[in-house]
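Heads up, there are several structures right after this.
Common to both upcoming complexes is subunit A, partnered first by subunit B, then by subunit C.
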Partner chain A sequence: MLDTRYRVEIPGGINLEAQVVGPVPRFFAFAIDLGIRGIIILVLSLLSIPLGSGGMGGGFFLIFLFVIEWLYPVLFEVFSRGQTPGKKLLKISVIKDDLSPVTLGASMVRNLLRTVDFLPLFYLVGLVTMLSNQRFQRLGDLAAGTLVISVPESAKPAAMQEIMPLAPSTSLLRPEQTSIIEFLQRSSQLSEPRQQELASILEGITHEKGDNGVEQLRRIGAWFLGVR
Partner chain B sequence: MKQQLFETQHQAVWQQIEESLEKPTQGDNSKVLAENYLLLCQHLSIAKERLYDAALVERLNNLVLALYRELYRYRSETRLNIYAFFKRDFPLAIYRHRYFILVAFLVLVLPGLVAGLWTYLDEDAVYSVLDGPEVRQIERMYDPEARKIGREREAETDVFMFGFYIKNNISVAFRCFAGGMLIGIGTLLVLFFNGMFMGSIAGHLTRLDYVDTFYPFVVGHGSFELTAIVFSGAAGLRLGYSILNPGHSSRLDSLREAGRDVVPMLYGIVLMLIIAAFLEAFWSSSSSLSIEVKYTVGAILWALVLLYSFSGRRHESG
Partner chain C sequence: MNLDKLQVNACLRSGWQAVDLGFLMARAWWRQIYIAGLLPLLPLTIVLLLVFSQSPLWSLLFIWWLKPFWERLPLYIASRMLFDEEPGTWSNMKSLPLKDILPWLLWRRFSVQRAFDNPVTVLEELKGTARRERLRILHGRYTDVALGNQLVCFCFELLVAFGLVVMLDFFTPDTLGIRFYDNFGDLTLSGEWIYTLAGIAAITLVMPFHTMAGFALYLNRRIELEAWDIEISFRNLANRKQRATSHRAGMISVIVFAGLMTLTMPAAVDAAIEHDHESSRQLIESVLQGQDFGEERTVRKWRFKGWSEADDEAIPEWMIDFLEWLELFKDWAEVLSNIAAWVKVLLVLAFAGLLFYLFRRYRGPLSRLGRRQPEKAAPEVLFGLDVTPESLPPDVPAQVMALWAEAGYREALSLLYRASLSRLIDKYELAFRASHTEAECAALVRAHGIDSLSEYFWQLTNAWRRLAYGHQLPDSETIEGLCDGWTAELSDESQ
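On to the complex of A and B.
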């Protein structure tokens, strides 16, 4: 099964979860960064001409070229919470495999080894490596012990409309209660027939059919949630 | 406790932390962070234990993850200690890479010696390694009549050459390191061919009797540059060897350990090549300095680099 969840136990005795990210968003992030780098190089080359391309201007231009070619991702990953501008747009981020922030050393290793991931052309080695392990790590990630995860958006709780809570006629176990609460919270994302289909499974609890069954189940969910 | 009560009790705190995470932090707020982190860890545990619903658990999980990253980001930024790096970390890393350094050194120098001897003895041999225009350009660079030694045609100033050396030399070193990921083969190839190029150029120029321009030019910056290239080769070979011979750990763990161990080498290589580029652009190329001065300074630089490189052993414990 393709499971993109990644779990780590962190100090505090907590099992933290993150979603690892596959090749497609990473490709788009890379393409955006490539565009940004291209624009920077273009601007710098135009600026360096008045200073003399074989002289001072040319010298500084070559140094910047080196920095942008090799250190652009390193600088952003270390100083901008694991995100180059492209990764920021795609809401993904580089992180160590214990889910702590990426360090300068790890970032150096993963980005210098980009050269090998790029071989023989256009990240073929990197792509094959990514697809052959569970964590979508390319060679550079494997050596540096880094991952690319999606940056979770701070999920604001969905506003709950007024629901009259209803005590269920039978007692239910906690996992069962949780499922009903989750039905309450997610049912608005489902189509009506699907809502009815799910609710009909629990006809023994709601004692209602169709739309009324859905309504009853949501009211029971509200009860378990603690609405009074 | 019912979930809704739990949520209403802590809602304000969560929202406040969420908002504070979106703003860039100022100053040392590690104490507040640590407190928030512990609090949220507790909330997350409670939510999981009481089987509160997935949306709440996910929200708390994301909050803890964000706090955790923020907390450790603070630590890793303060940990960069430049003094300890020069005093201990870099020499120790060199010492621990000593066998890889030896191999990299041999793979660079032996082909260089063979190519050098060959091009010295045989007039046409240099053309088997370099093509005609390249040979002519190199001859022009080290011509005793040249105004500036060792300079590319388009270069007008030393600053240009500084940038040129930075870009080229550090790129070569990085590629040499990265080639280690191909179980060391890429690294060996880069070392072998660079050794051969340098050897044939030296042999050819010696044959032409450009001795008084070529050797005083290379002796100064060569101390840092050649050593750094050997170090980058050693770092690459360390990666390759960790895959080939993982010992008791898994190949993946072994590679990751190597990836950690080479980091001080990488920092050191970059610094050494920046020094080398500076020397090469502003010191080596000068034609107003006498040959004796260049040889003397070159010898001092070599002695310093070698002494430093061999100073790591005493930091190894046990």
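On to the complex of A and C.
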């Protein structure tokens, strides 16, 4: 089954999950970072003019240029939860492939190998390697053992509707409970006939038809949400 | 449309995640997609290149312009692959590329969300007002993502095209005499051919990803609007319940049948069971021989050349000689055992003396050990929350509301909760222990006997548990109520 989900089982049998991120959002993140770097370099070059272009000023400018070109992504990735400003805007982040935070070494490797990913022009190698594996890792990612994942958004407060809860008549597994809760929470987005159609699948559990079935399911959902 | 056979995991995704899923779909079905794409494209390309053999860049323009025409079959094939179906009849496919094609080649050619809108024309076969209405519902909040997809895929096309040209330029020896540019920097004819072929390659290579990303966005919207994930989950649930019922009925009939069998012909049943044991034993053995039980390991060591396994086992000659020599002292054995007995007594006495000395030496600290500690200190940390009074801000409710307003829901409620615990320890001297759970703490508060306080703390505990363990956020009114309650019950002014 096709999915962007990436799963790691850690000792203790716990599954960690993350959504891997493909080339399109990463392109935008890169473009934003490129812009930011460009602005910084522009400002620095203006500042170094008074120091004289030949001697001191030129030297300082070249050192800053080196630092920004090579260390900008590394510093942000290591000290800002794997996110450069561009990645932060796109809500994506770099992480090790065992889903632990990215380390200095890994970040160095993945960013030094940008030069290879850039070949022959504009990241063609990077794009091809990204599309040649399921986890969208470019060459630098493969070498450093890192991934780019999307950062899950924290849930917003959901307004609880006033519903009389109802205990389900049979025992349900956890994913089944979740889907009934989803039915309750998303029912405002679903059309009436679609709600009835969905509820009719579970007639064996609600023992009701049509609108009553929908109502019963919503009440069971409220019960699973902890309303008593 | 049979959702049981859906080949992608139906769940709610953000727009970008849907685009990523589309890239995965293109990866998974690239063979079918390319065949369907090249079927109309290949003859078209050959004809165009022949016609414009002196200025091939024109053919590139036409191929690019005719994209809506030749990227329809891939979309159609992908929609069949999505539900694991056969591609369908040829006649159906034949009419597909020309359906409602004129607007798509004229004024809709520059639509920025073609990949997203395509399924409505190709798969739902809607036209005119019906199409417009449908798109209005579908677009929702995904227009930005569809635009982004179009933009990035266009950039990818440029990137691939120029990348290929540059790579060719790198690897073409100068001695070959092929020049891409003339002395004025304009393209030569061979240069034009290179650019055209690279451009066609780029358009073809990027097409599946672009089309599938748009298709995945469309799918994502359908999953959202029609709750496919809920339907699949409900169907599984209904199937499971049905299976459980039929399984139970099956079990009952087996038991009844087995009962009848034992009544009528016990010998046959015994034979069946024995055979069962035999086969199960074999099964167990075969399982035990599997990889999971036991492993083979290759170990490498340094050894002398003339060495053999037997040498290791043999008792050396000198040891036999030594034992034989000991035999001569047989008579001395009694004397020796006497001496040994004395040595044993001496050792036991020495050990006892050592114990006595140690006891004398450390009597003071040992006697203190048994006594109870004068007073048990209040815990500083409960369930990982710091509950010392020093860790709290001066105005707890204000801080909580500020955090809540900044969307730090978890921090806000945890601050309120630990502030309450801290106050309960400080003010009411409740004997919480680090091993207590939240509910046990609430029970202790109830046992303290102040009804309003215990009612308040129970509400707070519940809100906290729901957020901390259940990820269910309370609404803002509840938090305001809890903050007011805190001022009334637990702040310095309260009684």
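The rule is short, and it goes like this: the second predicted complex is superposed on the first by the 190 of 228 C-alpha atoms of A that agree within 3 Å, B and C clash if a C-alpha of one lies under 4 Å from a C-alpha of the other, contacts with A are read in each partner's own complex, and residues count from 1 in each chain.
In this text, a contact is a pair of C-beta atoms (placed from the backbone, for glycine too) under 8 Å apart; a residue touches a chain by one contact, two chains touch by 3 or more.
Since we're looking at a predicted model, the values are computed, not measured.
Of the two partner chains, subunit B is the only one that A:I95 touches; subunit C does not reach it. In the superposed model, A:I32 lies in contact with neither subunit B nor subunit C.
Of the two partner chains, subunit C is the only one touched by A:I205; subunit B is not. Of the two partner chains placed by the overlay, only subunit C lies in contact with A:T170; subunit B stays clear of it. In the superposed model, A:E182 lies in contact with both subunit B and subunit C. By the document's definition of touching, neither partner reaches A:I68: not subunit B, not subunit C. In the superposition on chain A, A:P120 makes contact with subunit C only, while subunit B stays out of contact range. Looking at the shared chain after the overlay, A:G12 reaches subunit B, while subunit C stays out of its contact range.
Contacts of A:M108 after superposition on the shared chain: subunit B is touched, whereas subunit C is not.
Taken together, the two complexes place residues 154-155, 157-158, 175, 178, 182, 225-226 of subunit A in contact with subunit B and also with subunit C. Considering their complex, residues 10, 12-14, 16-18, 52-56, 58-63, 65-66, 69-70, 81-82, 95, 99-101, 103-106, 108-109, 112-116, 119, 139, 142-145, 152, 154-155, 157-158, 174-175, 177-178, 181-182, 185, 224-227 of subunit A touch subunit B.
Listed in rising order, the residues of subunit A touching subunit C in the complex are 1-5, 19-25, 27-28, 90, 120-124, 127, 131, 134, 136, 150, 154-160, 170, 172-173, 175-176, 178-179, 182-183, 186, 189-190, 194, 198, 201-202, 204-205, 225-226. Residues 1-7, 18, 21-22, 37-38, 41, 44-45, 50-56, 58-59, 61-66, 68-69, 72-73, 76, 80, 154-157, 159-164, 166-167, 170-171, 174-175, 177-179, 181-182, 186, 239, 252, 255-256, 258-260, 262-263, 266-267 of subunit B are the ones touching subunit A in the complex. By the touch criterion given at the top, residues 7-9, 11, 13-14, 16-17, 19-21, 23-25, 27-28, 148-149, 152-153, 155-156, 158-160, 162-164, 166-167, 170, 209, 213, 224-227, 229-231, 233-238, 240-242, 407, 409, 466, 470-476 of subunit C touch subunit A in their complex.
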